[in-house]
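The following block contains the structure, expressed as structure tokens.
Just so it is clear, A, B, C and D label the chains in written order, and each chain counts residues from 1 on its own.
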């Protein structure tokens, strides 16, 4: 695949955040300050806009530039984490001018690693990680199983959505939601929803 | 009549203001700042309380003391004007230990004169004066005609109420209501309503 | 009524107790009456400046009692005048032989308090007094004919009158001179306000007026009295333009004239919005060739928890500029 | 949403423009970026103190940039962090050879901004940096175990950290010493807030939470996040008692200990109510044998137009008392 596919992917992510803007505001309004819809919409749009012209063809440089744009645009908790995920993916894919399925899987693995490194959250902490991690695991399994890209994406999206749904069993330990202790358990984590949306966008991008 | 009648009169005035507290707040809320119900209730109560024990029997001193108490309690526009009316009546009745009907009429004439002197409002300026003035005129006429006190009071109360109603034809020139120019004309003047209430209380006090 | 209070009846008392606690080093009351408040830093031989009016306008009026500004203040209940006796006690305390200047808003309630008080201290204590009545609210009445007394109400612009008179007194000018400076400031200041929400007098318990979620009241009174126009809420720039149009037209300006500007929040307006307003004021005055010597932005005269703001312009000459520059140290307002 | 603005998208830009206009003599921006703000009165050889965080908290954070306090501030969009690049530009400007201390709230968004910036200026510019993270909100998390980093958020109490660190830096102490003083203040300050109404982020357009007319939210976050208890609105004294109970219990006090107290309005709370609260605080602390060295009352850290207040207590020793007494002159806060 050409690296211009990454522009399509970023466009799908940007679009899905815009479509879910109000939903994310509402979800974050319950556990946090309600800004997530704004930061995700503006941030992924900035990421896409920065590379939309196709001038950069190196996959790594493209993802890193997208991350940098997002970091400058929406330097909030999730904004910085998502930007760092993109930048980490950029670092790890540097030099690639075409993309294999394994590279695509690597993008999300790097993305998760970047977020985990900056934020220090572990699986089960009721964060973005709980949405993205099952998806990354699913991508690895699909690679091993030789699934088609379309199947890989569909399974990963389903895994992310499941991971998101499972956050209603977890106790928040990061950010404002942690204040609420046991009362936080039954609430959905909005950052994990973002992970699920990213994977849905991925699924669309390969159809 | 004994000068203790003045205590009864002040009690009736105090009571009628308390009964009309919300109504005065609402009326003043339309043209002014809405405080009139508070100041009239608190002020006339303070006036009554100051003399209720009957220790002072000089009609003049009694009225003056009532006015002073009111002045200290509610030093607002109408509060000061009403206090000054009481104090003027006090000055003019000084030395009286019993009251003739003419003295009673004089109380209200002095009251009007005190208010007019401090406030400088003329008949037709859409103020308290437009309620009290017709009542004072009516009292004079009743005296000349030899009406009973009960009749005097009833006629004066009716005159005050008519005076109050007539304020809806006048243009405000004093206080905040004046800002509104022609738009003020159709509005009832809350200060004139106070005059009408005072005269209603007077009517009750002689029954 | 959503307020952090204990009871409406104790509102003023408890508020004043808090003020004396927080500003113990600077403020004290006269004869145990919390409502009569004077500076602890009395300057002997200086003209005393005192003021007064209703509560509910903090930091007006009592917040300006201090070094370089005014010497004392009598406050009444919410939106109510202090009493004659309180004004008398205040005057006696503020005088240190050079006489006392009353600066208060042009409002019958307060006039009925301070004039009798002045009569009494002149008669009984031989204290020389003078008065200047703040009358800056262009929305409250038309301009007065030459020689006629103004029927306009005093609002936030009285801050500038305190500031200039306070500086003049601090420079040890005579009562006549301090009065002249105060009058000059008073004649040179114009204000207009706009309200977005009403305020609630604690003892009344309900809002002073009703207003729709998308409406504003231009020219409302500082007690929440009806203004000159009720209309749809407009963008900040448009509101500022309408207000400045009225303010600037009311006093002739020439190209190059200088002003001090007060952008005043009425109680519930975020500072952010006040600065958005400041930005536009600057643009408009620049266009009109009026130079801004100094900006004051913040809550200077409120109407309890009203949302909205007012703009005051003070036209300056060299003498007033010097007064504006004079340092001040009061509980609520400090200028270094 | 009832706001005096032009458009939500221009809210920050126009607000900042107004700030630079009104405080032209004291503040300037770095490289034309309005969101990176520094004092015009840079003191050579002094440790630079910088801060940053989201807009919507005026006068926090940028209002404390000035003499005797902090040197610069990077502000983000409403309730959003500034960017790493902005923090880098700010640090470079604030350094004058003695190093730079970051004081900002313990909040991931800001940590993700300032830590990478510190890495970069240390690497590229050889600027020595240190950081102290405000973590005073006792309602935001339990106390941290010894040695563990706090998970509490920073709120109004950061004012005291600025104040003390600012004084230390102004006395030309070293970076290590300024950091030590800042840390001491930070460890000694506790805050708790209560909200009566929500606030509306302009670009969101609707209130951050819903609350009944007779309810309050105890321990709400400074962005309007849910607090620790939603309940019926109580009398002021009762609210204060509950808050002080939590605040005082969180840090051991001995009879005779001295504190500085900050009573902070969240944006729409009248000063009157803040003084009613002050009065009660004084009563309670007196009962507990805690002596108040100084009160600060007013809007120090807001949540746009939220109604409510917070109480911060700073436990003092002789060194911190000296810092508290140090004069300050910033656009929003002056102490003579």
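Throughout what follows, a contact is a pair of C-beta atoms (placed from the backbone, for glycine too) under 8 Å apart; a residue touches a chain by one contact, two chains touch by 3 or more.
Note that the structure is predicted; figures quoted are calculated from it, not measured.
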Starting at chain A, fewest touch steps before arriving at chain C: 2
Chain B and chain C, separation of their C-alpha mean positions in angstrom: 32
Rounded Å distance, chain B centre to chain D centre (Cα mean): 55
Distance from the mean Cα position of chain B to that of chain A, given in whole angstrom: 76
Touching two or more other chains - residues of chain D: none
Junction residues of chain A, two or more chains touched: none
Chain contact graph, described as a line, ring, star, complete graph or other shape: line
Chains grouped in pairs wherever the two touch, ordered by label: A-D, B-C, C-D
Residue numbers on chain D that touch chain A, as the complex places them: 76, 79-85, 107-109, 112-113, 139-141, 151, 153, 201, 203-204, 208-209, 219, 221, 223-228
Residues on chain D engaged by chain C in the complex (per definition of touch): 2-7, 11, 14-19, 21-23, 55-56, 58-59, 196-197, 213-214, 233, 235-237, 239, 263, 267-279, 282, 295, 297-299, 302, 304-305, 307-309, 329, 332, 334-336
Residue numbers on chain A that touch chain D, as the complex places them: 25, 29-35, 37-39, 71-77, 79-81, 84, 118-119, 174-176, 178-180
